[in-house]
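Two complexes are shown next, each including chain A; its partner changes from chain B in the first to chain C in the second.
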Partner chain A sequence: MLFSIDYIATIINSTIRMMSPLLYASLAAAICAKADIFNLSMEGAMLVSAFFSIVVNYFTKSVVLSILAGVMASVLVSACVGFFVLKLKASPVVVGLAINNTVAGATTYLLYIIFNTRGVFTHPSLVGIPKIRLPFIEKTAVLSTIFSGLTLLDYMSFVIAILVYLFFYKTVIGYRIRAIGINSEAARSLGTPVEKYQFLTISFSGILCGFAGCLLSMGSVRLFIENITAGRGYIAMAANHLGKSHPIGVLFASLFFGCCQALGNFLQNTSLKTQITSSIPYVATILALIVFTVQKRYAKQKKMLEVFNKDAASS
Partner chain B sequence: MILEMKNIVKVYDRVVANKNVSITLEKGEILAIVGENGAGKSTLMKILYGLERPNSGEIYINGKKQVFRNPSDAMKQGIGMVQQHFMLFDTMTVTENIIYNNEISKGVFLDIDANRKKVRELSKRYMLEVDPDKLVKDCPVGVQQRIEILKILHQNADILIFDEPSSVLTPIEVDELLKTMKRLSNMGKSIILITHKLGEVMEVADRIVVMRDGEVVAEKRREETSIEELSYFMIGRQTTSPVIKDLEPCKEVLSVKNLSKVDESGKKLLGNINISVRGGEIVGIAGVSGNGQSELIKCITGLDTDYTGKIEVCGINVTNKGVGFIRKAGLAHIPEDRYYWGSAKEATIAENVLMGDENTERFSKKGLLNFREIRKHVYRIVENYGVKVSFLAQKMKELSGGNAQKLIVAREIEKKTPFLVACEPTRGIDVGAMEFIHEKLIEKRNNGGGILLISSELSEILKLSDRIYVIYEGRIEHEFTNKNLDSRKLGFLMLGGKTA
Partner chain C sequence: MEVKKINFIYYVQKNLIESVKLPFISITLGLIVGGIIIALSGGDPFAAIKGLIVGGFGSMHAITVTLTRATPIIFAGLSAALAWGSGYSSMGASGQMILGAFTAAITAVSISGPSIVIIIVSLSAGMLAGIIYSLIAAYISAKFEVYLLIVTLMMNYIADNIASYLTTYDFRDPLAVDRLAVQTQKIIDGTLPRIFPRYTLHYGFIIAIACTLLVLFMMKRTSFGYEAKMSGLNPRFADYGGIDSLKTMYLVLMISGALAGLGGACESLGTRFRYVDGMITSGGYAWSGIIASLMASNHPVGVFVSSVFLAGLTTGGGSIELRHGIPSEISDIIEGVLTMFVTAKLVVDFRFGRLRAQKEDGADVV
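Moving on to the complex of A and B:
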């Protein structure tokens, strides 16, 4: 039963759902890294978006307005980070952690003020992001399982990954931002307003985090839980590292972490302790980073050995 | 007159870097500015390029008064500067580096083909050969400088500033650069050249301005002056050459056996190197830079521990050991790059002098620093070596290039270790100070110290070394005692020539 086709299809479906918010956040991390900004605040940006999209959703019942509110809140938070780090030259680590903690506290508090509840808020009147139905796929059972319940935002995450790629590697502005990331001093000496570009980049990363937050609160579910992001912002940083800040590399890294989360969720239904299953994505993160580094070093050593051997043979 | 700088005054915290400096520049002229370390040459150029603002004084371009608030203002008026530390995007291609900020685009997209074509044209017009698609980090230093020059030509600069452009180049690359400057000036570009190498000045400059202590002290046309006169203007005395007395070398302070190294891509950097240095001798390594000198030094000093072979310092096996261990064994090291390996730019002068000695009994007790002793020591070094600083808590990055170099040299010599690795010890240093550092190196040798000297200045190697190794493509090809060698022959061997 474990390996039936349907079962695998469900896992794939769950992987995609887990993956798309991660992909948005990882892309946000990647574009910041490309522009030489150390951004820790994806976590906070996602959380604030998840919260405000639910608030606006409750009061307006409009998905579009909710997403708009979520994205705007997230951009605001990211722009704040940009202001502190780029304009006031504060330490990015301190600012990032401070923002994340502030947002966590503020959302909990506002949850109580606005909805008078603690922990979780959900309501039957909340509207989810509409699911996209693809008629040509529904004919096959497996395919329809794989793609069931996906929203426009899920599909869009892949498109955006490709757009980000095109932006960085084909457009003039993208090229300039990449140059800033490689040597900001040189860019400055050529008269580029480095901080301006960086500020725009981190603000744009807020849009991506905004989408991620909306997906968390209105994608598969319709609710807000305290700390609903559960460290995804930090996993996104790992994904960015594994994907070497390249949009397509980041796509595959998020796929990997999405898969780990999906597996973690599925194994909850088995006899394994939830403490163990829910730690799977995080343990996987650490393992992946270790393997990544070790493998890199190993490849280098192997190459050195090869040359030495060839040399010894020839002389 | 294309440029006139009039009565420029620039005061930093407690230093007057420029006192009423005035210079002029004609179209198509090459003007050389020479002077001691800390004379204010770089400051003047930074003002011209908009990197610093003068406290008073005016700049006229083509007779019109201009105020530069930042480099882009200066660029707009046709001023370009080849920075001493290259400002390049390492992991981008040559094309991407040259076109930056003046890209040809198709809508929002970058038109790589058109840009590449543009770079080809430019490179052809000025006869500065580059491969447009190569990554900058794969280009040798000389080519990187060419890229810098093309970059400012691409911005349509008419006035080109070169601040110590030849200090990082090989002799052949220097020749090339001087030719390029001549060619550019014939094409109507005006050039300001700052350098400590008076030979270069006499070769290309039309006019020479000498600065001392922030003032212009002399101005001469090239035909009217000589190297001797210029150095007299600069340091106020005649230069002399040191006497090197004969000495019987004593015990071995460095022994390198079968050292080999391969880089990540599998390229062989060092092949089976065997060298030895004994106390009481200066051993030079001659070679065109980029032939493995940097790698060799990194292995010996422990900055790189990834190699095969055996290294001993003062009889202690230090193979694959880190810097701390080797320094304890008896190594001091004047590194090639004064800012990257040699100092902490944001730290103070005192802190930079202390580095590496903070744990010795002399300067700390039970983990607490002994500031009285430290101050005394730093003061003595600054005084003895004539480092121009304004106060001991000054930041390293505020020193002029040559003074920063002097401070590092002083620190390493004053460690009084049995073995010293000196890489380019006089890079960026004026003729007077160079003489002084040479004397100090010889003094160390006469006191029984062993010195491994790496320098791209052939004259320096020939002047100081007892023995010379020639390095070529990562291999030590020849070994000589200094007596049976002249610079022609050495130059020939450095290029991979074989002895007949």
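Moving on to the complex of A and C:
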């Protein structure tokens, strides 16, 4: 019963829903890494977007306006990080952590000022992002379970991953940005406006985090909880590391972490205790990073041996 | 002789002004931003900021509450100062403090003897928990080339879950009036005594002062401190100079974990008298400690002063929430803004320094 096909379909569905905000955030981390910016502020950018999208949603009841507000807030936060890191040359680690903490404080503060509550805000009049119904899939029960309740933003995350890949590997500007990441001084000497590209990259990462935040607060649920991101921004950094900052690699890494989060949520219904199930994503992150290094070392060793054997054979 | 003396005074004054000037500027900027936010949300910024300062430092009661809150922040700050000052960006103070607080609390209720023995054993147990947890992170980071920052951040979430699990299922207070309260048994013998009977300030604060001096001595007067500082400034040069960087890393992170664990232990033995689920994370001690360490450029005495200041900000925040109806999170916002300006300081300083040097040399300013 536990492993019936329906059950697996539900887990896949949940994985996709958990994965898409992570994918946006990991892509944000990846493009920043490509442009040689150490960006830690995805957590704060997602949180601010989740908050402002709910605020605008409550007052206007318009999904489009809420997404717009969330994305704008997130871009502002990311641009602020860009200003401090690129213009004032502040330490990216510190600015990122400070932004995350400021945003956590500010959203709680504003939650109290605007709605006069603490902790959680939800209201029956909030509008969720409309779900997309695919008529040709609904005929099969399993497929309709897998794709049920997904929004446009969920589907868009995959499209954006591919677009980011095409942008970085098939266009001139993408090539230049990658050049900054490889050697910023060399890129500068060729006349690339390094700071300008970096600033635009980090602002664009704000757009991606904005989508992620909107998904968190208006995707499967319609509410804002204090610290709704719960470390997803940091897990996205790990996903970026695992995916070697390559958009497609990052896609698979966030699939893995999304799966871990979905499993964590599902196992809550079993006899396992909450504390154990909610640790799963964090433990998985550390284990995945360890396995990544071990595998990389093993591959390197194997390659060395091959080269050595070839030399020995030819001589 | 006279000249030397004057030079020395000049040197001290110049250093003092230099080291106080920039935190002062960032505090002012932080307060200005905080004031603007208060004004925008419909409050009176001047009254609120006055309330913030008076609420934090205005009376004997306020000062003792502030110093009580400052105690764990000082420990976290020293822990961060040691790690970050040596170039290891560990965010693990939170997790280490949680496990330190939990271990100390359950040790204190499960052993018996004279209270001084219980205190010493429990504090050491808390410290040991901090050391072990820090060394696990150090091992993973060193052995598998993973960012220490990510490992420690993830391990903080895990530590919180471990302590919460053990408190809920294995060490839950059987005498709790509130059945839902997730907490361990109350410590009867072996709590840290209060310094003044009427106020909450406890001897943990004295231990914090002692640790500040100890870390100061260690960083400035021992060869280990020199090696740690060198590997922070320039790891390659340190390696070249014959410093075993791996050993230094383990030692630095071990002591840093010990300080954080001790901080957590003092919090549960001195303030709460038990481990309550989420008591460290909800206080935000670890994060404030890291800010304190940044504000003071990792100098132990500076960490002490900034910790007291940040604790006062939070205490004041609580007081203006009661009096002016402004949410206490305003102190988090001020803290965050202040932090961003604090690190922006480094380069401003550097630029001015370079401009001045070049002017003195008569060279062109590039």
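Note that the second predicted complex is superposed on the first by the 301 of 315 C-alpha atoms of A that agree within 3 Å, B and C clash if a C-alpha of one lies under 4 Å from a C-alpha of the other, contacts with A are read in each partner's own complex, and residues count from 1 in each chain.
Here is the rule we go by: a residue touches a chain if its C-beta (ideal position, glycine included) is under 8 Å from a C-beta of that chain, and two chains touch if they have at least 3 such contacts.
In this text, all values refer to a predicted model and were calculated from it rather than measured experimentally.
Peer 1: Does chain A have more residues touched by chain B or by chain C?
Peer 2: C
Peer 1: Between chain B and chain C, whom does A:Y24 touch in the aligned arrangement: first, second, both, or neither?
Peer 2: Neither: A:Y24 stays clear of chain B and chain C.
Peer 1: For A:I113, select first, second, both or neither according to whether it touches chain B, chain C, the two together, or no partner.
Peer 2: In the superposed model, A:I113 contacts chain C only, not chain B.
Peer 1: Check the residue A:I286 against both partner chains and state whether it touches chain B (first), chain C (second), both, or neither.
Peer 2: second
Peer 1: Considering only the touch criterion stated at the top, classify A:M237 as touching first (chain B), second (chain C), both, or neither.
Peer 2: second
Peer 1: A:S91 in the overlay: touching chain B, chain C, both, or neither? Say first, second, both or neither.
Peer 2: A:S91 sits against chain C, while chain B stays out of touch.
Peer 1: Of the partners chain B and chain C, which touch A:V172 in the superposed model: first, second, both, neither?
Peer 2: first
Peer 1: If you stack the two complexes on chain A, which partner ends up touching A:I99: first (chain B), second (chain C), both, or neither?
Peer 2: A:I99 sits against chain C, while chain B stays out of touch.
Peer 1: Which chain A residues lie in the overlap of the chain B contact set and the chain C contact set?
Peer 2: No residue of chain A touches both chain B and chain C.
Peer 1: Hey, which residues of chain A end up touching chain C in the complex?
Peer 2: Residues 84, 88-91, 93-95, 97-99, 101-106, 108-110, 112-113, 231, 234-235, 237-238, 241, 273, 275-276, 278-279, 282-283, 285-286, 289-290, 293-294.
Peer 1: Report the residues of chain C in contact with chain A in the complex, numbered from low to high.
Peer 2: Residues 37, 41-42, 89, 91, 140, 144-147, 149-151, 153-155, 157-158, 161-162, 164-165, 168-169, 287, 290-291, 294, 327, 329-333, 335-337, 339-340, 342-344, 346-348.
Peer 1: For a test of understanding, state which residues of chain A touch chain B in their complex under the given definition.
Peer 2: Touch residues, chain A against chain B: 170-173, 175-176, 178-179, 182-183, 185-187, 189-192, 300, 303-304, 306-308, 311.
Peer 1: Across the complex, what residues on chain B touch chain A?
Peer 2: Listed in rising order, the residues are 51, 70-72, 75, 83, 87-92, 96, 100-101, 103, 105, 108-110, 151, 260, 262, 264-266, 268, 271, 306, 308.
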